[in-house]
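So that we are looking at the same thing, I have put the structure below in structure tokens.
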Amino acid sequence: MTIQPGISAPVISAKGLDLTFQTGDGPVHALRDVSLDIGKGEFVSFIGPSGCGKTTFLRVMADLEQPTAGQITVNGTSPEAARKARAYGYVFQAAGLYPWRTIGGNIRLPLEIMGYDRADQDARVARVLDLVELGGFEKKYPWQLSGGMQQRASIARALAFDADILLMDEPFGALDEIVRDHLNEQLLKLWDRTNKTICFVTHSIPEAVYLSTKIVVMSPRPGRITDVIDSPLPRARPLEIRDTPEFLEIAHRVREGLRAGHAYDD
Amino acid sequence: ADDVTLQLKWVTQAQFAGYYVALDKGFFEEEELNVTILPGGPDIAPTQVLAGGGADVTVEWMPAALAAREKGLPMVNIAQPFKSSGMMLTCWKDAGIATPADLKNRTLGVWFFGNEFPFMSWMSQLGISTDGKSENGVEVLKQGFNVDPLIQRQADCISTMTYNEYWQVIDAGVTAEELVTFKYEDQGVATLEDGLYVLEENLADPAFVDKMTRFVRAAMKGWKYAEENPDEAAMIVLDNDQTGAQTEAHQKRMMGEVAKLTAGSNGALDPADYERTVATLLAAGADPVITMQPEGAWTHVISDAALN
Amino acid sequence: MIWLVFALVFWLGAWAFNAWLANSRWGGHRSARIAVPVIFGITLLVLWEGLVRGLGVSPVILTAPSTVAQTFSASTGILWEDFRQTVLKGALTGFAIGSAAALVTAVLIDRSAFLTLGLLPVGNFVAALPIVGIAPILVSWFGFDWQSKSAVVVVMVFFPILVNTVQGLRETDAMQRDLMRTYAAGYMQTLFKLRLPAAMPFVFNGLKIATTLALIGAIVAEYFGSPTRGMGFRISTGVGSLSIDLVWAEIFVAAIAGTSFYGIVVWIERMVTFWHPSQRR
Amino acid sequence: MRNTLPVLTVLIAILAIWYVAVAPMNIRVALDQAQRDGAALQPETALERQEVSVWSLMLHNPAQIAETYRMDRPRLPTPGQVAAELWKTTGEMALNGRAMSKRSLIYHGWITLHSTLWGFALGTALGILGAVAIVYSRVVNMSLMPWAIISQTVPIVALAPMIIVVSSQLGIQDRAVPKAIISAYLCYFPVLVGMVKGLRSPAHAQLDLLKTYNASGFQAFLKLRLPASVPYLFTSLKVGIAAALVGTIVGELPTGAISGLGARILIGDQFGTPLAIWAALVAAAVLAGVLVTLLDLAQRVTLRRMGMAP
Amino acid sequence: MTIQPGISAPVISAKGLDLTFQTGDGPVHALRDVSLDIGKGEFVSFIGPSGCGKTTFLRVMADLEQPTAGQITVNGTSPEAARKARAYGYVFQAAGLYPWRTIGGNIRLPLEIMGYDRADQDARVARVLDLVELGGFEKKYPWQLSGGMQQRASIARALAFDADILLMDEPFGALDEIVRDHLNEQLLKLWDRTNKTICFVTHSIPEAVYLSTKIVVMSPRPGRITDVIDSPLPRARPLEIRDTPEFLEIAHRVREGLRAGHAYDD
């Protein structure tokens, strides 16, 4: 509903998106009249109650779902063209590693598909493994690693190739708070260094506030955007920033926004 | 009435008409017998059923019975309704076969399951090896239950019975002129077929002997009736065929042919036929069916009592 | 009588020993997992031997295992010839052709939801066709030698493998497929990097079912015509000529061959699908 | 029902291929017959024709191709011939009130069905009991499971004569009993494997839950393992009944080939009436289809009743 | 390591517990020298990184796992005796409802097993369904309910019979923040009313602080207790208490305790 002008030319621009799933029990309205502009280098968090359409919105950007109405462009082209141009990396809610490939093999998968040459593959795998602190685990199979390590591997997989956009669907949902804090810090550093545009779905208010330049609050079905909060926090954010009044104020605003749309039936 | 179970060698057909006639016409009942006829089938060895106590008396070919005897299963022939053999080898004439010597270097279909013995004896008497095609050998196929291998020329010759498979070749459209047949009877290697056999140990029991006497008497009455009324006999067989797949024409024709084989027999085994069968089997070269002269493989006690 | 008692006592004793072994601390050990069924098998043999001797069962009905063993060692030549004819030529060739055809067909029809929807029910239908009906037809089409046996095996193994493979190919979860989409991966890339590996546990399920079918198919088909060698040939003529000891020796070969064949497939499965939860330990 | 159209399409495709295949399959025998009837053929004699491929035979004798579609004893009958035979031995007989005559496939189908159901009941009971024993006893599991697999590598036809002899020795003259035993032998295995899977399907957590209630082993069986195994049970029952049917038909040959679809197949084979074989085969497939469909229906109803399916 | 004297006679008392799992990859030390006393009516939270042994400790109390060394008593008897006396209700990490039973049937399950009579069963099912606000859903099957509703049903199942002790393993892990807040409030009310002793595993620091009278912080493998914090917060706790300095101070202490034992390799 609210259209936020991007910092620069919008990387992602949605206008009046509608999405209705046809199911056995009748239609499910997952998105209703969603409009949003995301500028280059922004870190946008999506927060909202379960089932409100956060994942669906991310999937529309990724051309994994077709909107029933409205327009959306990614990098100025259609999501399909962007997908075919391999413009983004996607981190799913679950790690989704292929169990028959080692951690290294999983990270190598997109590189093989995109036809990187062998030496380049090796270099990239080594680099992103270090980035997510999984050096030495290259030869292990996913099931030999803890859930947190698997999730980090799946992030590494999305970082291995050069995509300007990173779409992340609750990547840290399954992790404990300490590990999560740590990965949040790492992710911020990465973002700062690479200037990627990141869309990030989360359930955690502190996480959303800590990470984002922009927080999008969504309401339950049919999923609508109820609030878009531009964060006044600086780009450099030590963990302690979470105890500052500014932080708590934004968090409060997000919580109020969330509570407004909630009916306790879920 | 006494219970008697008869195990046939094969499925219900006019080959066994005498027994069905005796049952249908009440000849068994007259002898105070309550007879159950068990049809045979692939995988049913009458000898084995007899040994297992599944039947009191069974229809079997003598080579198989003598072989079983050597294996330690003492079977005794108590009656022999079939005088002559109906076995023959049926070949394509256009394949160039005219005499037994022409069989060399050919593919021949043979029945196994205990029915291969007469063939083996014959080949060894001809001095033909059965280990594969060669100057002096033949390729033997275990033929199934149908005559396709001949029709489709997968074999040059197949085993047939005068009363059954031969006519199926004819029914398939082949004319008799296109065929050459070698009857085992004509080749001097005929062995006795379709006799009645019981276990030797049972013959020690006078009650069993009496029961069998009455059985053979009624069965032979059935056979003679069938010979005289072949069409009616065929219809009786047809009535008893539970599969409903047999045809009237075929059974009537089969009955006619079977009657020719039973004609010369009053039910008593002719010792000369027996001697000839044994001699044929003993003569089989490398891998003989039986290795020594059998003792006590037949008795006239029952047929004498039954037929006088 | 003494034999019966001995067999029974042996049976109870071995069972008690097995019960102890299975529940002992070696129970989970590899050697115990082999020892227990082996001991159980030996018990069956002893019980069988005891019953045959104790009840004086005629050797033309059932032979004692000791006799079978003697026959076995005396007829290794024949048994080997039959094994080659039936297992190596008939069953294995048929198995190879049938499973290869099923795999290729599965990949081909998998591209069309329509074909899959139509072919699978028909496949279940065909799988229920009795082998004794197909065998005479195929023997008459493909001749008496092993080719017709292979044909029977092909018909028998084709659909179990096809059905399992098709099911396996659709088994990848949506997220795994979406991942491939985000990479804009082509059909072949998705097939080889995702769908075939993911389908492997199912493929092997089908292959395992097919191993036992293959052997039985090749043997039964020989009942409807064969050269004068082969396991089915020997079994059917053996019954007819009351060589029950030879029949059991052949059955024994069939069981060993079938079990080893199954074992080999399981072994390959373990190597190929090492990653599947059911294989981990 | 959404797959009616695809199934029909596939069936039509199969029929089309079948129909086309009839000519090459039958051409040789048809030419042999034509030769007897004095037709001019190329090559002229059967022996010469042996050396030539069916395709060239069809090419050089196109006039005879029509003949291959109306033979009395074809190697491959046309679908139409099979359908006609099937109708003659089922529908037509039923219309004439002779559905249960021994010439009717309905009667023989019924005989086969009867034994199948007995074998199925026996095999299912064995399979379920075996599975319960395997799941509840470590020894049984370790000793029985490998032998269950080995049992399936033993060719059943080899055991058939012994089953018959032994059961007759036990005083059972009725040939339906050995038939049912053979059928059960093939049927029990899929049920056993499926039920072991099903009874073991409850997750550890679900079993722990009952442990916190201090539930007895029997309560755990009744309230958890049994209901959890129902979907697996039905899936394996569907495989099992098809196996039972095949087992019965296999068992109908060595048990005297007296009646039933198996006996029809054997007699059809022996007396050179391929149409009878094909009709019996199709009848067997239809019977299997009906049985599996019925079980599928039962599965849906049961699962819906249990709340495990929408 | 730290032995806390209970407020009254301890309901659960562990001394020097050790637990080692024998696995294919060698032994896993899940618990090492764990000692703890829990008094009647306490609300104890267990917090610690993933894989540190929280679940294992709860399972030892419930006699679902045998310690390899040390002693533990529950209600003054062995865990086994306590289990057989049906002394506790256990809420698992996953809802674990039986799919072939309705919600009502699932809640009825323990009552059937424990032999409550039919009328009593009905009354209890109705009462606990109301308690977790699922009245009207009795006849529904689990798959017809959202994840949060299923989790509430599984709590109702543990409340249906009279157990003084409630062992809860991350019961709210899968829920979104708003629903979670709501259920936290409900749980506190229930605890206040019934005076049950509650052992509660969680990953969330605010949740632990908000709910507990005592917070047990555990370190990663081998799981040891590194800190036991007695909460000075009053029994009556509105949601707003989370913004008070006392609350934040306890939260800070918990976070420090957690971070101390963390090596980021999980």
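Per-chain residue numbering starts at 1, and chain names A, B, C, D and E are given in the order in which the chains are listed.
In this section, contacts are C-beta pairs under 8 Å (C-beta built on N, C-alpha and C of every residue); 3 or more make two chains touch, one makes a residue touch a chain.
Just so we're on the same page, UniProt names per chain: A, E = ABC transporter ATP-binding protein; C, D = ABC transporter permease.
All values derive from a computational prediction rather than experimental measurement.
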Any chain in contact with chain C as well as chain E: A, D
Any chain in contact with chain B as well as chain C: D
Chain nearest the overall Cα centroid: C
Pair with more cross-chain C-beta pairs in contact, given A-C and B-D: B-D
Farthest chain (mean CA position) relative to chain E: B
Of all other chains, the one whose Cα centre sits farthest from chain A: B
Approximate Å spacing (C-alpha centroids) for the pair chain A, chain E: 32
Chain centre separation in whole Å, for chain E relative to chain B (CA means): 84
Chain centre separation (chain A, chain D; CA means) in Å: 54
Chain centre separation in whole Å, for chain E relative to chain D (CA means): 55
Contacts with two or more other chains, residues of chain D listed in rising order: 75, 157, 161, 165-166, 169, 253, 266, 269, 310
In chain C, residues with contacts to at least two other chains: 61, 136, 140, 223-224, 236, 239, 244
For chain A, residues contacting two or more additional chains: none
All chain pairs that touch each other: A-C, A-E, B-C, B-D, C-D, D-E
Contacting residues of chain C [partner chain B, same complex]: 58-61, 136, 139-140, 143-144, 222-228, 233, 236-237, 239-244
Chain E residues within the chain D interface of the complex: 59, 62-64, 83-84, 86, 88-90, 92-94, 96, 98-102, 109-110, 112-114, 141, 143
List of chain C residues in touch with chain A within their complex: 173, 175-176, 178-185, 189, 193-194, 197-198, 200, 273-277, 280
Chain D-touching residues of chain C, taken from the complex the two chains share: 15, 18-19, 22-23, 27, 32-33, 36-37, 39-41, 44, 61-62, 114-119, 121-122, 124-134, 136-137, 140-141, 212, 215-216, 219-220, 223-224, 231-232, 235-236, 239, 244, 247, 250-251, 254-255, 257-259, 261-262
Touching residues (chain side chain B, partner chain D) in the complex: 5, 11-12, 36, 38-45, 48-49, 51-55, 94-95, 144-148, 151-153, 168, 171-175, 178, 241-247, 250
